[in-house]
Amino acid sequence: MLIFEQGSQGRGASAQRPEARHGESGLPANLLRKTPAKLPEVSELQVVRHFTNLSRKNFSIDTHFYPLGSCTMKYNPRGAHRAASLPGFLKRHPLAPEAQSQGFLACLYDLQEILKEVTGMAGVSLCPMAGAQGEFAGVAMIRAYHDARQDYARNEILVPEAAHGTNPATAVMCGYKVREIPVRGDGDVDLEALKLAVGPQTAGIMMTNPSTCGVFERQIEQIAKTVHEAGGLLYYDGANLNAILGKVRPGDMGFDVLHMNLHKTFATPHGGGGPGSGPVAVGPRLQAYLPTPIVGREERDGKAVYRWLGMDDLPQSMGRLSAFMGNAGILLRAYAYALLLGKEGMHRVGEFSTLNANYMAALLKQAGFTLAYPQRRATHEFILTMSPELKKFGVNAMDFAKRLLDYGYHAPTTYFPLLVPECLLIEPTETESIDELEGFVKAMAQIRAEAENSPELVKGAPLTQPVRRLDDVRAARELDVNYSFSGRVAEA
Amino acid sequence: MPFIPHTEHDIARMLQTIGVGSVNELFDEIPVHLRSRDLDGIQPGLSEMAMLRLMSERAAQDDGYACYIGAGAYEHHVPAAVWDIATRGEFMTAYTPYQAEASQGTLQLVYEFQTMMCQLTGLDVSNASMYDGASALSEAVLMAIRGNRKSKSKKVLVAGSLHPNYLQAVQSIVVHQQITLEVLPLQGDVLDMAALEQQAGQDYAALVVPQPNFFGRLEDVHTLTDWAHAQGMLVIACVNPMALALLSAPGEWGQNGADIATGEGQPFGLPLASGGPYFGFLTCKEALVRQMPGRIIGRTVDLEGKPGFTLTLQAREQHIRRSKATSNICTNQGLAVTAATIYLSLLGFSGLHQVAQSSHLGAQALRQRLSQLEGLRVDLDQPVFHEFVVRLPKSAQAVVAAMAAQGILPGLALGEFLPGRDNELLVCVTETKTEQDLERYVAVMQSVLTEGQ
Amino acid sequence: MLIFEQGSQGRGASAQRPEARHGESGLPANLLRKTPAKLPEVSELQVVRHFTNLSRKNFSIDTHFYPLGSCTMKYNPRGAHRAASLPGFLKRHPLAPEAQSQGFLACLYDLQEILKEVTGMAGVSLCPMAGAQGEFAGVAMIRAYHDARQDYARNEILVPEAAHGTNPATAVMCGYKVREIPVRGDGDVDLEALKLAVGPQTAGIMMTNPSTCGVFERQIEQIAKTVHEAGGLLYYDGANLNAILGKVRPGDMGFDVLHMNLHKTFATPHGGGGPGSGPVAVGPRLQAYLPTPIVGREERDGKAVYRWLGMDDLPQSMGRLSAFMGNAGILLRAYAYALLLGKEGMHRVGEFSTLNANYMAALLKQAGFTLAYPQRRATHEFILTMSPELKKFGVNAMDFAKRLLDYGYHAPTTYFPLLVPECLLIEPTETESIDELEGFVKAMAQIRAEAENSPELVKGAPLTQPVRRLDDVRAARELDVNYSFSGRVAEA
Amino acid sequence: MPFIPHTEHDIARMLQTIGVGSVNELFDEIPVHLRSRDLDGIQPGLSEMAMLRLMSERAAQDDGYACYIGAGAYEHHVPAAVWDIATRGEFMTAYTPYQAEASQGTLQLVYEFQTMMCQLTGLDVSNASMYDGASALSEAVLMAIRGNRKSKSKKVLVAGSLHPNYLQAVQSIVVHQQITLEVLPLQGDVLDMAALEQQAGQDYAALVVPQPNFFGRLEDVHTLTDWAHAQGMLVIACVNPMALALLSAPGEWGQNGADIATGEGQPFGLPLASGGPYFGFLTCKEALVRQMPGRIIGRTVDLEGKPGFTLTLQAREQHIRRSKATSNICTNQGLAVTAATIYLSLLGFSGLHQVAQSSHLGAQALRQRLSQLEGLRVDLDQPVFHEFVVRLPKSAQAVVAAMAAQGILPGLALGEFLPGRDNELLVCVTETKTEQDLERYVAVMQSVLTEGQ
């Protein structure tokens, strides 16, 4: 039942109404609202119960193993959440004077330094509010770089075909054309094709490494050389940084600019869709173009003093990306996480996420499943192709995904990357124990047996969720995105 | 090993199954010379206890001020239930609801949110959120340019009374698509209608109207909307959603209503928290729905005919359309929307009205009293929502510093944003400030002003 | 699966381990522990996931309508919980000096005053940690009173047969014999029987009013007179205070001493079994005997100063009941709740809890159910007897209760009070809306139809819970109250 | 109407169905002259915002001290996950699990708790909790008297080193059943073994042994246990459960182990919070299970043979046995137990060991340093767990007040509890205190001592 269907005219959570204040309104009549908005009219208990019960219809890390490839659904430490929720942080106004902000600024400064260290880059800006905004900032910096050199001919961004959709979409938002580079059968970029593609029109290339194929791009140095020699720059999409954290640094691989997804690698909760945070890091060539604000540190009378660096300090900056300082609370969580891990902990992230993925891949292979890149090491994630199962049993990757829900496992990422047919992209993360990994593999094997013996069961899955499979076509055709209040009753 | 559950025994078993001798061997596809050395710039790890101790000390440093700064982020009371529920693991640690059947909680909630935002703004369609108010406005501008069938222009008119940070953000975000923002001059902190007339007849895709504007003042939205529509422009309303409890909904502006409404959702249950996570909202008329960036949740039925919720119109989005998407946005501000939806359910329209009214009357009362202090200048004739400009007899920054020493952040020193306005302070009052608070503000202001004499 | 079945030797939530401290242990070898305790060895994520998922197997106010009679399962305001969780309150040591405790003491003092006002009594002690401990304190005060008058012959406490089990059990803990007084068919005490029962041996009577029959004892004044004239005192069991809050005060009815269940009437959460809080209030005769500590207030230099009153101040006190100050955090929640309700809100509690109960009773009657006291007003709760259903369909009160779970409603209290056969004691509370009440009645009517048409369905309920009906006999016979670690696997 | 959802329309409909004209009519069985007038002593209701403002101001008054008081309530780090999970609505707002099928979460959790407490104390059976340490000890005494088959005595021996508040509470709770507590004298803050021998041959039901005792000191539990058993007494161990990570489990005491173990569960994840809610734990040997007060959860199967959990041995409890019950307890401290169970799961035995060890070593370090300050006397020879007595050259209360003015609550002034010990301070150190904290403590103590000179 929708919250709108529970109300009664005049009902309300009256403890939430402020004490009445008397006085004369100074608002001109013609600017006043004419019709009240139909918001819920419900009691506080109804609100609490409704949303508590809604939450119970979700899968989440806190309740289920959630091996959603490319999303790094690892444990989100409650301690980091607690730290970011300290009253002093929650109450601080984004425009509070610097003198009254030294605690907050110190955290941000330290985080900048940590991110520089783990990426091997020269400068960091914490502003971008998600991965995609980080990509935008990064590509905009590439443009600013070429523009500053009056190299206006560069109008193309290269993107391997396995790339995430945000890469090409970002390039376009930055005014570039997108050229896709094919990926070879072993998951690496087709270097020859790349060599043919680069030229004076090349602004840069956007790459994920490990790629979304779940393998490490072995020719990264040649790629860097190729693109750099053509005058382009290399953008690193950090969505998969978890695989290599503490093991190899994008800066050392030759990347000029990158973003990190703190809501992946730095364990900040994804909140059912967001918020995230996508800081950008750059090599020396792009430092002048970083988005503002950034936190600077000075010594005054032997004491560290932190201050905002804005457009005055960074006149070549690619600009501002938000009204204030991006997703500050997420940055605090990421900083807390970094403090908890420390130097030793960073290495382990890459090591154990990789160990878990390789173990699962090995078990699934033993169980008869088909790895998309069987000759390669898995990174923190790997791909199964369900084409054999589709051929043999008529059961596809989506059917397996839905049936997994009935077994109490969130589905892996389905049908991404696009170049592997019937693919399941599986990312266990380092925070899951061997028991969960084995449980998942067992469930997959059982579903395979079901697919063989009773394929309709699998094709009809899920059976145990709040709803059965939903009619997406109808959702798009008979668009219902806004409750009509015309009295129809939903029984969700 | 914090957060890593592997025992020695587990590791041995796993390596054996994989068929390698060590974890490091799993990295053998990475050229050896690229592998990291120690991360010397990072300190050893802390226990949760030590981390929280450090963070508590840092947080305490910035704590303890009564805040009268507004300027796009507003201190409203956040009901305890809001975050108690929003931080339940099932909401907080879920991903984007790609597997609809396992995400009905989030999906239904966002459908309810969309409905609430449509109701508040008086428009037909809402998306599931943008990053914040400024980035949402940027997307609104892009949307208007794509969606205005009457105009091929890549130019947009923007009221000069827009928040300066919003202007900067929009600029950086749209500039690479050869879009030009033309900033309209002001007359006494609101749009100069005469100057506007000079733009008549030119081809612009849209007009951006803030309400209330950066100075807390009210624009004549009806006239502006009708004028822009007459010129073939779309109208983008950039509004404080809390103000909509009192002020005309964008859908009610002028004859036909604004086409797109956007703004910062923070006033709805989100703490100030140094600027985020907040969320930008974005609603529009039905005709523009296919230009909408970001996620939209639709109601549909399952294979047994039972109602359910799912992501819809995905053919606009980057994961389907890639370079042809309406935006590159992927992750949005889901949890902030969760909180806002709970907030709006608790407050209802009449609760919201009371909050807005109390804020408005508080601002009225404070500016009234400040106008009586010697040396201060306040324009009492002009209507404001809950924020207003005070002209001080000396540098606003100095007054801020002096009042901060007494535990009050009295407002935003405008000089930091607008050159030449060094003596002006932008002051905000919300329902969280009591009569005694306002009295104390006036007393401290007075003492600070006389001090310098 | 039990938490013990998920571990692996050497695993742990290592972020929870304090930094190592060096130094020499000063503990003598013979006093050291010999064998480590087998506690869980699990990761932080495993802990979070395990207990999050366990919670999801509970019904609760936040998720379900929970009309458990005698338990006042009303909305527990999240704001009150927030108030009690403020860092200043959580960090205060129970033995912190008074000078560093004025904020906390002020809250307790104010709460004492509020409770005096709503009960009409002269003194309050907040010490008792639940209703039963309040009863103990109350009866011990009755004993102290008689003892102080050297009236040692009084060795009997009277208890109406409908009384809650804690009443007779408490009397015995206080060294009294218990004599039960019959209750008439209309739910009121048999006054004639009472008159015959009282005498020089009567220490007092323990009563609940409204009684656990869900009716207001109309002869309360005669009862008070009877007992008082016999030299006994009247104890008021405040479990049902919600029914009359702001409408009639126990002090005005003639009670000498009472306890309140703050976890009922004052909306503090019941926590799946506790904690509660059971403050006692007394008339002037018993004031000297209140349990300690109590908070006192003095004016010093025109300022209020609060301080503990202990045995020195109250030498005749019945004593101390806990190591410190009872369930302080619950007291803070109750105080916050009282602040939220205020003067007007107190009246409404009694009014609307009574309205809801009477409405449900009327609807259930219309639907063909049998009220135990059809000729009486319901109070905040009322009783159905399912004897007719048992006779007609072979389906008993417990079957209805279990089947209600399948409909998403928590069951009413079953088989209490003992004197009504096949009883369901139903208490909706004032915080539930008309929709919930009607939904419950509809479910009851549907179950009745099921009982008629397919009684086995109802007798086999619940069907949708984590487990079916449990074997209580086996639980008691083959006692398993402590996991054996011998390798047996539970699949809970 | 706060928390009351009734609209005018709802009320009218309900009254009509009931067949009365007004809500007041529903109270017509109550004699009119008894009905309440206005509750004039109570203020008008506050909004949640105003209430939280008031409570925040009150809480802030008492905040900001580094606490070295122990004496039965100990500041340990509480992992953030503990209360994030324990306060989930499903745990926090459920009642006692009477309907087992709808309460499997709470029931399984308590079964796990019982197992953990049995493991820690080395005994066979645990109940689901008592109110607190002191009331649990009272019940242990009653239990021992009922359960000792060798003795008909209603007398119990209690070590004089027991927490004085515990002694008082036990006294008030057991006195009405004609039970006598005989307090054994001390010799240098531990039981005087010689005095003990004088009780030999007398008939007592039980001996109560605290470990560590009120002064942080360790009793010779093995000798005491064997002595008491030889006399036909049961042994009741009253222990700090955190200390059990280092110290002998009650089940390991002497030849046959203590019979009953009890104590305060607060160190396991519960904030100091002015004394509660905490919980008392109670475990015993299997032979005594039917004397156990309070709830016990058992594992059983459902009608399909699936394992499940339920309240068991209810024939001991008041709701079944009424006047013949083992205790009158009904509501216990469920949520505190929930928190403790999560705490123990997070810490595990080795985590607990580290916390206990760090606390012990911190106390060792502080008492070492304090012993070097002029005028202080500390007995370094005697083993302590994490708490120790310091003899000051002046009134402990005065030192407490002076150190409090510098933000440190340095310990408990013993004179408030024990007449004649006005110059003694009971100091506790836990893992929450860093090296720097201890240095600061010593420095402030020194400054306070010299100040007075």
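Order as written gives the chain letters A, B, C and D; numbering starts at 1 within each chain.
Throughout what follows, a contact is a pair of C-beta atoms (placed from the backbone, for glycine too) under 8 Å apart; a residue touches a chain by one contact, two chains touch by 3 or more.
A quick note: this is a predicted structure, and the numbers were derived from the prediction, not measured.
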| item | value |
| --- | --- |
| Listed pair (B-C, C-D or A-B) duplicating the A-D contact set, over half by residue number | B-C |
| A-B compared against B-C, more contacting pairs | A-B |
| Separation of chain C from chain D, taking each centre as the mean of its C-alpha atoms, in whole Å | 20 |
| Distance from the mean Cα position of chain C to that of chain B, given in whole angstrom | 45 |
| CA centroid of chain A to CA centroid of chain C, Å | 47 |
| Chain B residues counted as touching two or more neighbouring chains | 1-6, 10, 46-50, 52, 77, 79-81, 84, 87-90, 431, 434 |
| Touching two or more other chains - residue numbers and ranges from chain C | 8, 11, 14-19, 42-46, 48, 52, 56, 61-63, 75, 77-79, 81-82, 87, 340, 431-434 |
| Residues of chain A that touch chain C when the two form their complex | 6, 8, 11, 15, 43-46, 48-49, 52-53, 56, 61-64, 75, 77-79, 87, 340, 431-435 |
| Partner chain D, residues of chain B touching it in the complex | 47-50, 52-53, 77, 79-80, 84, 87-88, 431-432, 434 |
| Of all residues in chain A, those that touch chain D in their complex | 8-11, 14-19, 42-46, 48, 52, 77-79, 81-82 |
| Parts of chain D lying in touch with chain A, wherever the complex brings them together | 1-10, 46-50, 79-81, 84, 89-90 |
